[in-house]
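Here the chain labels run A, B, C and D in written order, and each chain numbers its own residues starting at 1.
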Amino acid sequence: MTTTEADVPAPSGATVQDTSGDGHEHATYGYHQQKDEHLKRLRRIEGQIRGLQRMVDEDVYCIDILTQVSASTKALQSFALQLLEEHLRHCVADAAVKGGAEIDAKVEEATKAIGRLLRT
Amino acid sequence: MTTTEADVPAPSGATVQDTSGDGHEHATYGYHQQKDEHLKRLRRIEGQIRGLQRMVDEDVYCIDILTQVSASTKALQSFALQLLEEHLRHCVADAAVKGGAEIDAKVEEATKAIGRLLRT
Amino acid sequence: MTTTEADVPAPSGATVQDTSGDGHEHATYGYHQQKDEHLKRLRRIEGQIRGLQRMVDEDVYCIDILTQVSASTKALQSFALQLLEEHLRHCVADAAVKGGAEIDAKVEEATKAIGRLLRT
Amino acid sequence: MTTTEADVPAPSGATVQDTSGDGHEHATYGYHQQKDEHLKRLRRIEGQIRGLQRMVDEDVYCIDILTQVSASTKALQSFALQLLEEHLRHCVADAAVKGGAEIDAKVEEATKAIGRLLRT
């Protein structure tokens, strides 16, 4: 999406070199390319949370509030799943291609993150 | 929180009579008394969601974003649990005391809400 | 639990009198009436778990095993929900009718149990 | 899956050559090496489910049964997580190394399986 990315033919897109001239190497991650979509999703979730505040403020019936909480949680988990998919596709697959011990660390890290999602 | 509530010493707080003179009976629900606490919680969650947007915007590492998603989901579920507890204590218990068929409807409704929370 | 309760033909069915003649008062809970259905459900889940063992033993593809795990977890949660519904309908409603402090304890206990289900 | 892989002492252990002499290539998956551990875990879960049947049969208090359901669900999810970790380490990483379109399919498949686990 950015010129930088188009210039570098990095097939996995896991990291791109910083060409901004500020002397830093910027690691950008798998979700980089869907950034706009992610931000849109998160703004929608923010709107849902504000909707919940309005509902509490207006004394809406508890069960209706709970239904809205379920919808927000579902939206958050759907966001998490998409992020995770991109992470697996880029960061984890990248580590696999590189070889060495990094793949084990990456897989363990991803599994722990999935475990945290499951336990909520 | 409202003068109405302070006036009526309803111990269960499940419903209070409207004394506002507009001729309506206002049903206020179990969570009414914890309204401020609920709003504070929800504003904190809103802050977490905005934090997520910042993280995505600043290309923070995917796994760290997922950890924050887990924290937000946990906070939402914790809010839901508190709401549910008040609902059981007031609305469901109230229906039980009243007797009749309403308790069955209330319990079924609450169980379905719990099912929706579980499935997210 | 009390003799009083056994004497009254409690409409909620929360407790039944012991007619086994062994001189003990048996407390039976809300799920009593669906006992057979519960046992049937649990035996089906047991079968699913044995199916998982067969799948592992026969080197079935990981993803197919995970699908079966999801089905078993869903079946367990569905069983939990039904148990919870009966618990709310009988034990919790019963405590509400009795009045006093017990309803608070019962609701807190039920909420904690729901919290444990949510966190798995 | 390919002869090449069987020849190389693949550190990932994703596939092993069939030495049974039946002329078939057996694909064995990531979880192969932990087979005994998996079976032991599943037998323990099976024991928990049988324990639940006993509890229902002996009219144990609903909340105690729900606690045991939570423990069983947690054990199932823990099994799923371990299986998933091995799947990512072997099958997904394997597809990444091979290159081509397979990695996308594998990642999508794994993400869907995680989604199913999350939604239970």
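Quick notes on this one:
One rule holds for everything that comes next: a residue touches a chain if its C-beta (ideal position, glycine included) is under 8 Å from a C-beta of that chain, and two chains touch if they have at least 3 such contacts.
According to UniProt, the chain labels map to these proteins: A, B, C, D = Metal-sensitive transcriptional regulator.
Since the model is a prediction, treat every value here as computed from it, not as a measurement.
More contacting C-beta pairs link the chains of C-D than the other of the two pairs C-D and B-C. Seen from the C-alpha centroid of subunit B, the farthest chain centroid is that of D.
One inter-chain figure worth recording: subunit B and subunit C are separated by 25 Å, centre to centre, where each centre is the mean of the chain's CA atoms.
Chain centres here are Cα averages; for subunit C and subunit D they lie 28 Å apart. Shown for subunit B are the residues in touch with two or more other chains, namely 77, 84, 110, 117, 119-120. On subunit C, the positions that touch subunit A within their shared complex are 119-120. Looking at the complex, you find that subunit A touches subunit D at residues 77, 81, 84-85, 88-89, 92-97, 99, 103-104, 107-108, 110-111, 114-115, 117-119.
Here subunit B touches subunit A in the complex through residues 26-32, 35, 38-39, 42-43, 45-46, 49-50, 52-53, 56-57, 59, 61-63, 65-67, 69-70, 72-74, 76-77, 79-80, 83-84, 86-87, 91, 109-110, 113, 116-117, 119-120, going by the rule given at the top.
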